[in-house]
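This report refers to the structure that appears directly beneath it.
Naming follows writing order (A, B, C and D), and every chain is counted from residue 1.
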Amino acid sequence: MSLANGRHYLAIPGPSVMPDQVLQAMHRAAPNIYSGDLVTMTESIVRDLKVVAGTEHDVAIYIANGHGVWEAALRNIVKAGDRVLVPTVGMFGRGWATMATSLGIDVELMEFAPLEPMDMSRVATRLAEDKNHEIKAVLITHVDTSSSIKTEPRDLRKVLDDTGHPALLGVDCIASLGCDRFEMDAMGVDLMISANQKGLMVPPGVGFVFINDRAAAVRETLSQVSAYWDWKPRVKTEVYYQYFNGTAPTHHLYGLRAALDMILKEGLEAVWHRHAALAKAIWAAVDAWGHGGAMRLNVADPSDRSNAVTAAHLGSPAAVRLRHWLERKAGVTLGIGLGMSTDEDPNGDGFFRFGHMGHVNAHMVLGMLASVEAGMIALDIPHGSGALSAAARVIAAEA
Amino acid sequence: MSLANGRHYLAIPGPSVMPDQVLQAMHRAAPNIYSGDLVTMTESIVRDLKVVAGTEHDVAIYIANGHGVWEAALRNIVKAGDRVLVPTVGMFGRGWATMATSLGIDVELMEFAPLEPMDMSRVATRLAEDKNHEIKAVLITHVDTSSSIKTEPRDLRKVLDDTGHPALLGVDCIASLGCDRFEMDAMGVDLMISANQKGLMVPPGVGFVFINDRAAAVRETLSQVSAYWDWKPRVKTEVYYQYFNGTAPTHHLYGLRAALDMILKEGLEAVWHRHAALAKAIWAAVDAWGHGGAMRLNVADPSDRSNAVTAAHLGSPAAVRLRHWLERKAGVTLGIGLGMSTDEDPNGDGFFRFGHMGHVNAHMVLGMLASVEAGMIALDIPHGSGALSAAARVIAAEA
Amino acid sequence: MSLANGRHYLAIPGPSVMPDQVLQAMHRAAPNIYSGDLVTMTESIVRDLKVVAGTEHDVAIYIANGHGVWEAALRNIVKAGDRVLVPTVGMFGRGWATMATSLGIDVELMEFAPLEPMDMSRVATRLAEDKNHEIKAVLITHVDTSSSIKTEPRDLRKVLDDTGHPALLGVDCIASLGCDRFEMDAMGVDLMISANQKGLMVPPGVGFVFINDRAAAVRETLSQVSAYWDWKPRVKTEVYYQYFNGTAPTHHLYGLRAALDMILKEGLEAVWHRHAALAKAIWAAVDAWGHGGAMRLNVADPSDRSNAVTAAHLGSPAAVRLRHWLERKAGVTLGIGLGMSTDEDPNGDGFFRFGHMGHVNAHMVLGMLASVEAGMIALDIPHGSGALSAAARVIAAEA
Amino acid sequence: MSLANGRHYLAIPGPSVMPDQVLQAMHRAAPNIYSGDLVTMTESIVRDLKVVAGTEHDVAIYIANGHGVWEAALRNIVKAGDRVLVPTVGMFGRGWATMATSLGIDVELMEFAPLEPMDMSRVATRLAEDKNHEIKAVLITHVDTSSSIKTEPRDLRKVLDDTGHPALLGVDCIASLGCDRFEMDAMGVDLMISANQKGLMVPPGVGFVFINDRAAAVRETLSQVSAYWDWKPRVKTEVYYQYFNGTAPTHHLYGLRAALDMILKEGLEAVWHRHAALAKAIWAAVDAWGHGGAMRLNVADPSDRSNAVTAAHLGSPAAVRLRHWLERKAGVTLGIGLGMSTDEDPNGDGFFRFGHMGHVNAHMVLGMLASVEAGMIALDIPHGSGALSAAARVIAAEA
């Protein structure tokens, strides 16, 4: 018998759970796209996106998913033949690199051992070697959604500053914005991309490129940028349609306005704290299960872990069986392992992920953890005891 | 800091959590109320309500809440001066009695000790004394939402049969329909009332009176029933507006259709099993907390407990502080204690209630329990250990 | 081929077209019903309903349709055996009388010739005869939805005052509130009933009884009023559930709040003017069609016509064919004739009604009229020319 | 006083009026994006989009607006330096050409006199001159949304065939798909682009590129296509995320599924007929107003007019005043003139547009026309008589 009928919790690392307020705001007639409320609302969205990103500079909004804004960012800072360095700790850094290669860019991919955080000394060494500054940009992923490793942009900024390398620092915050602390200007980030559907809690379909003056100056050196991806008219808009190079994503904008209202009402610090506390509760539970069982967090050092997504390993076929049980019996969908390959699990079948980004609270996360324990009991998957109490203690301390 | 922002779980004993499908079905233009789909849909609702109630007889649908159908039922079976017996184990039986009194009916209220289930021998004794059969109906509450005591209609049927008393057996299933097993015809119930907003998962505003042939025959003996409450034209409808004595509750009907579809797709046995399993998980947790703390279930014997709502006692002010913490910190709203008064807690401030009716699954209930534990830790409320594991084990065994 | 696919216009006299804002407000999770926003929102609804009704006195809100509040009003002002006078110009006055009869009230029905407005001199004569003041209340329908005749409460007030008769003046404003000018206190009305689903633009399921001090004083003389219908606790509420004698109609309240916001933002005078202008446009068109065809307005004198609904006669089978054509071909549903019987059309098959209440603008009404003309052309129904230009001229003058 | 409060009709040429069914389908929780219903639904959308486009070949779906799919199409068929011919009768052809130029493509823009349809003999002459077949593609706009001129793809196909020129025939059907008859395979079109928000009745944010085998073969000759725009993995999908090169536009897909259901239920022939009939009604009204006033249709020959949008000229400032009056007084928003410049009106201020695409029926169009007449009366704008009757006669004849 199933105990799943009720509100389903989609605990995958994006799209995240959509708040009622967002869906409600999107359920409306199409607006006039030439004048009126849509125009002033878009201006307010630009303003508040910059608050969420911690920047006083510019943002271009694109009708595109995260992969689309990968291309958007690249088109405005490098041309075919230019070199970029992409140090990566997971699948999404490799994805950005693949995108760059498809544009004819000379990509230098720097990979690290599976489940290992980025070793900044390797990056520093490489940048120091690049005496002629052929590397135009260094592109990292703030939170790699596959491995759940977090890379601190500040650390890379320091490397660039220490080596005196002028490359732009570009950061992919698709999985982290609105979850893990990120402050573009304070962290010295030149270019940041993100998207709608994770910490921003809006259905997928809109992406963002945030640009500081250094990035804007690089754009000026490029003679040809496609009209769709060119961020200049989107940022310095004279006529409304330039915001989106054509028809605006009207309903997404209404949803985004509602989501930004929620985030700003709660307060960015409170939003970050909430994600940090919920992540800690998950880590505490997994640690407890691991004493007496096979479940392990991907990332050893808490300072390298994301607060938006947590990847873990349980082994095969237990991980798949557990995910299926949760979906069919308890009303919880966990994320599949993605792009993981280790010596012990070359196919990555034993990995899975907890998504805990955006519209998620103590009740939802504790319910997910208790459901996981129920599933392990039902499936006779060995696990240590005390996990749920440990998670509850974290919540008690952080709330 | 709050960890409550996310989907809030309203765990009160009604209105229950509204499924997206129901709300979506209600978000639509008004229909024609004279012909077309609304008419055939209403016919299908009547048919399926009878399936959910376990009867082959009739149902009248009222635009009214539960108190309204209390009056509706009474108006059709007794007149001012007639006598009814209302054995009651909580606030809602007293409420039905108060309603009857307001109609001029001669009400005999038979109350039992707080937190005690109904003693059928007292009812039997009273019915045996009533040689002249002055008692026209015996009215009970299947599940009293305040005490969470369940009274089995079968037991009262047996008393009536054993004593040969012809009084109608009327049952209030407002809190239980679609949660606790109820089979009108098989249980020998003559009259049953219920409403939209609990196990049926639709916003409040519509109530039901189910009627078997014995009840219908009693109706025939009454010379005057108000046009609004008279169930006859509602049951034997010749023109559409008679279903509702006037304008139909159009949007509620769309919601109800969606809810019935969900219930019938899951299957009534599965729905009952789900509620039973989730209730057991709650009981297991409360029992564990009670070993080492003050939390106690209201109802001692599991066979007297409802699967839709669980009342418990924690003492004052702990119960209130816990409820507030859960609402503000974790995203869970528990029900207040209602109408409870015991020697140890005459004002009932130390009582509270878990609602677990309708659109509720393992994730939601386990999350609620884990949140309660977090709250008790945060507030230094003593409690026994192992509660969450105990609940998880119940879920594992029942899923 | 059909040209109906697009937004359908349900131009029946209720339920009216539901605004997106209202449906959106209803698409939400269930709230806590014991504390919080719902309580303060209900207080604001009570306040603003009184503004819309033009009264500083009280209002009781019922989960019930219009027929339900007919009973509610009667239960609080008369008891079985009391006499009421019901002068009526259509089906809904007869309906209220039937309701009263079902309650054992001694009803004196005063009917007028079909399509004729109320003759106040007949009412005056009858009241003058009633020396002993056996008539406890005079009940009229402000706008009879079947005939579309409007009866001015002021006129009846004058009759009562002139004859010095103390009977309560009760008015049914179900079809008129928020459409036709109505000012309870200024018009000397003692009791007014209305409902959600017409000028108030909310799905059906909630009704209202507005009460002034004279009506409240009469209530005090009654020893027994059923708990559900008793308006006293609903009006002088100490605990929230008393507003609705049980569970609140939560989602309807959210919708009603949104509708009241819309009405008050537009302004009552503007709302009344809009309805008046749209009605005039319809009348102008029908008059033009009538020169050269059979279509006639039911009500000869414009001062006797409602601004919310317009009944007309086209003859049989033309009226039915026209309605079907409009629904299948043009996307417009007109109301059927209801309760009409004249010498020339005893079955009333040749009547139909335009609903133009609530959320309705120039575009919608002009489109309806032009669709009617298209239908008459398509079906070879003779009609005069210039109707649409005439209607457009009215709109031009009134906008 | 305003008569605008009611359902507003946004009669601009896109975004079009969103059906309730579409908005309702989008109001839902995020789905799993790795497996389950979303995957099979996407397959069904691909299948049915091809039905709507009249092709048995392939379609790639992009998260992008119309401008985005302009770039998508170009990236897959030409590289920087390649030549394309863009014959254009309005602003959107020029826009596609500008997009191509921004990609480094050698664009040959062939413009025609304002308000004049495309002269195929000029295109034929140019193609005949291109002996070396340097022109890789000829790109036209099926319906230019600014001028409302329709260009028949068949006519260009004939020119290409007659001259034996192998250039690809690419057609922009953004404004026409689902409105004006279009049959990709039967018309010999190699490449077609469209988008969500017009005839397909879904909020903007998704675009399409339809590809036949000739276009697919040209793609194979290109060595480098950006990962986001490359249509190959989108068309031959092995893993779900390839459909959209990353995260799917989940909620738009639900909306699109609902819209396709509506279109296929009505039937493509019926949809086209409906648009044709409604367009004829508009033309009849404008012609009548023009006899006695300044209003003129942009396009002289009905065979060159679109059934989705109708541009007209009224002169300045009358056109602007009329649009404002309609929006504020009647609840109708007409489209502004866009990109028009003629000798008599170099700034184009006297132009405006009727949008009549997608979810639009006889009632909506007739109401729009009658509102326009009311506005002209109110503003003393001279106009001929009989326009509304003429429109009604068209509807009567075509329905």
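The criterion applied here is as follows: a residue touches a chain if its C-beta (ideal position, glycine included) is under 8 Å from a C-beta of that chain, and two chains touch if they have at least 3 such contacts.
None of the values given here were measured: they were computed from a predicted structure.
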{"item": "Chain separated most widely from chain A, comparing mean CA positions", "value": "C"}
{"item": "Cα-superposition angle relating the copies chain B and chain A, to nearest 5°", "value": "180"}
{"item": "Where chain C and chain D are represented by their mean Cα positions, the distance between them in whole Å", "value": "45"}
{"item": "Chain B-chain D separation of Cα centroids, rounded to whole Å", "value": "55"}
{"item": "Chain A-chain D separation of Cα centroids, rounded to whole Å", "value": "36"}
{"item": "Where chain B touches two or more other chains at once, by residue number", "value": "8, 17, 20, 24, 27-29"}
{"item": "Chain D contact footprint on chain A (complex, rising order)", "value": "8, 10, 12, 14-18, 23-24, 26-34, 63-68, 70-71, 98-99, 102-104, 195, 197, 203-206, 224-230, 244-252, 333, 335-336"}
{"item": "Contacting residues of chain B [partner chain D, same complex]", "value": "20, 24, 27-29"}
{"item": "In the complex with chain B, residue positions of chain A that touch it", "value": "1-9, 17, 19-20, 27, 262, 266, 270-271, 273-274, 277-278, 325, 329-332, 359-371, 373-375, 377-378, 385, 388-389, 391-393, 395-399"}
